[in-house]
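Following this line, the structures themselves.
Below, chain A partners chain B and then partners chain C, in two separate complexes.
Moving on to the complex of A and B:
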């Protein structure tokens, strides 16, 4: 299902906004059911990191719900841990919200061609060239940062420091090296880009031609918009 | 067409002047080599004549600069990209786009030129088959060719190269020389900033020698005195100083039927013995497996087969920054002493203990990384391209230190693309190519490297 990056960007942004503004659990369930299965299917290969962050996020949300909304009837009683109705409701609401956002993000990431996306951001959506350039460099730097981080952790272990920087001191030491390397690299990439005419860059027209994939996504978005508005009105 | 003319009476940052009195002249179509020791201001000169120092980095330049008829410092900085192409020392500090084709098209789109030209440049530099590949999947040599393609695609009048042969293998240096020669024949004005001048013999027409921020000599190749150049840290003759073999015969490490695979690449070592005091050079093309072999010996990768290292091995990466864990040089030394259990190697004078390790010069960072390694008193020292970016003096100082350490029984395995270092330091040479390791004669290795670089001595 090929879709224009503009449609994908609008779709993902709109679903995120709808998930954030809606408070009705039935609407949130509908949004999650419409987005998560489709996103999981489309982004299953490229979006592994999103799933990892999702599960980490869910764990945090559970702890947060138990800490701040643990009121009402006890639902689960395991020794010192008593989970009450309020915590379950709070967890479910944020879980559904997060699931919709993850689904939309996976649809976006699974279908977007990064090259076309950068082009669309600059030429169709008219986002400032400095921002798009930073995004492009960021995408390139991600791979380099990953490589740097692996090397730094190996060297730390060799010097008798923890391989997992979990304490504030070791984390700051790890980040100091990582960021020093990245900042120096970023400075020179910026200098090189200016000497290659970044500030002379002008937008060129890029027509928006929606195809079948775009129509499907826009219909799906319209459906979710209708559900959300109806729940607010009725 | 017009070349580059500069009369700079001062340039620097804040109150600190880095350049004092520089007169630079490269006529249209001429290739000028700008040479001098590490830290004399070669890169600052490049930033100054392109206007970057004044317009982007908050620095200042006093004097006059004409770059292809433009005044890059005051009026015409924005127009500079139309006239010049630039190649920096490290491709990873230059390549901005995630994909190969986009990197070349980036220059064209910035300058409002047709993007289909990108294909021609990729074809010329042998990268057309990788047009849609991610830049990160390219080898070091391919990344260098990509920087050249992206810098020349708009057909500039002036090409500026800042130590372009750093970190590329001898075959890549050979290719680079041929490309630069072709550009010179096409009439481009070329500024080549380099201290391994011997690599480029036959390529440049004139030389400008810098010393402590001032130009001290300029002249044609015929007028140049190799002895004077070498006194200023410029390697013109490329003759290493062979040192005596000192290994004792006691075995420090061995590998047998060792195989390690990752990302579809497999490195296989049938048999390798390393003896006390031996200095072994690993040579071969970028991506051939040299770093992998060093990391296997350092215990970072586990391979199948037999591997044994008597005592500690310590790996010093190509980028010394990866090794630093503390905010100041003094803290680094203290930490190394505490964790390593021994006194680190002494640092050269002029390094302030309070300064950040990331603010040292490249040579000083390299030295600090070696000092840290020494505090751990390894039996086996593993160095990944230890001389990258160092001038002749620093290379000689480093090889002297390594030679002294090996005399005390330390075994050293180092990867290098530099035939001078093989000449000066290697007792044995291993050729690591396409995931296979084979031992070759030292002289044969040096000849192979020089031939790949298209150099006759």
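Moving on to the complex of A and C:
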């Protein structure tokens, strides 16, 4: 199912906002059911680890629910740990909310092409050209930065420092080294772009023409919007 | 030069490229910070985690502003880094972008109230600190079940202190550009 990056961007952002503002557990369940299965299918290339870590994170949310919302009748009593109805309800609401947010994001990641997204941001969504150029530079530099970061961490380990910069001081030291290399590259990318006439380049507006995949997503979004609004009104 | 007489408004391609570099560096740091946040949260709880890690997510704005020193550079730096964090798949998905826009607007205020003439450590610390209450308010919207009225004030204080600390660190890091 081919979809325009504009549709995918709007879809993922809108579902995220709806999930954030919804309080009704039935609405959250509907949003999660509409997004998580499709997102999991489209985002299956992310691998098992991605989903495994998500479920590990949910365990932390369960502990937080027990810490902050443990009220009502006891549901589970295991020695010193008493899980009450309030904690279970809080956990389920947060789980459904996060699942719909993750599902919408996975739909985006599964269908969007980053190069097409950058083009759509500038030509269809009319985001300022310079802003999109910055984003393009940032995304192009990611691979180089990962390599640089790996080398810096290796050097830190060889010099007897902790491999991971876990304190504010070591984070500062790590970032200074990483940034000094990256800024030099950025400077020359900027100079080259200026010489190629970046500031003189005309924007090529591209009209938004939704295809079948876009219509499916927009109908799905309209459905979720209706459910959320109805739950707030009724 | 920490004080400018007239703020320069026009962005050059080099400024945009530097914003891109900040976005990439901080986008990567933001992604790694999730693991750090969960580790500290497991050891010190939600308030300790916010004191020691939350400010990391507010660093892009003061870093970008200290490097570019033009109006809206703090906002652009934070939003671009959040966009990179959104595009590199993380569990937060598009919440990262929503947080980035809100935090970027709050951080930009620190430079706006000084008329875009001062880009020093005070402004950087203020820029980080102002993002704290905004982030915790968004947390309250996202996790109303997990943040009680009692903890909200403590979390705001923790995030603000963390933002100020990491804002200062961002300013220190920006000094690599002579």
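Assume the second predicted complex is superposed on the first by the 187 of 234 C-alpha atoms of A that agree within 3 Å, B and C clash if a C-alpha of one lies under 4 Å from a C-alpha of the other, contacts with A are read in each partner's own complex, and residues count from 1 in each chain.
Keep this in mind: a contact is a pair of C-beta atoms (placed from the backbone, for glycine too) under 8 Å apart; a residue touches a chain by one contact, two chains touch by 3 or more.
The structure displayed is predicted, hence computed values, not measured ones.
Contacts of A:70 after superposition on the shared chain: neither chain B nor chain C is touched. Looking at the shared chain after the overlay, A:162 reaches neither chain B nor chain C. In the superposed model, A:114 makes contact with both chain B and chain C. With both structures placed on the common chain, the touch criterion links A:231 to neither chain B nor chain C.
Look at A:182: by the touch rule set out above, it reaches chain C but stays clear of chain B. In the superposition on chain A, A:198 contacts both chain B and chain C.
Within the superposed three-chain arrangement, the count of touched residues of chain A is higher for C, of the candidates chain B and chain C. Looking at the shared chain after the overlay, A:171 reaches chain C, while chain B stays out of its contact range. Residues 114, 133, 136-137, 139, 176, 180, 185, 189-191, 193-194, 198-199 of chain A touch chain B in one complex and chain C in the other. Taken in their complex, chain A has these residues touching chain C: 12-13, 15-17, 20-21, 23, 43, 46, 50, 53-54, 57, 60-61, 64-65, 68-69, 89-91, 93-94, 97-98, 101-102, 104-106, 108-109, 114, 117, 130-131, 133-139, 141-142, 145-146, 149, 166, 168, 171-172, 175-176, 178-180, 182-183, 185-187, 189-191, 193-194, 198-199. By the touch criterion stated above, chain B contacts chain A in their complex at residues 47, 50, 52, 56-57, 78, 80-82, 84, 86, 88, 90, 92-99, 101-102, 106-107, 109-112, 134-136, 150-151, 298, 300, 314-315, 317, 319, 321-327, 335-336, 339-340, 356, 358, 372, 376. Residues 114-115, 118, 133, 136-137, 139-140, 143-144, 147-148, 151-152, 154-156, 158-161, 173, 176-177, 180-181, 184-185, 188-202, 204 of chain A are the ones that touch chain B when the two sit in their complex. Contact residues on chain C toward chain A in their complex (touch as defined above): 11-25, 27-29, 36, 38, 41-42, 46, 56, 67, 76, 80-81, 83-84, 86-89, 91-95, 97-98, 141-148, 151, 165-166, 169, 172-177.
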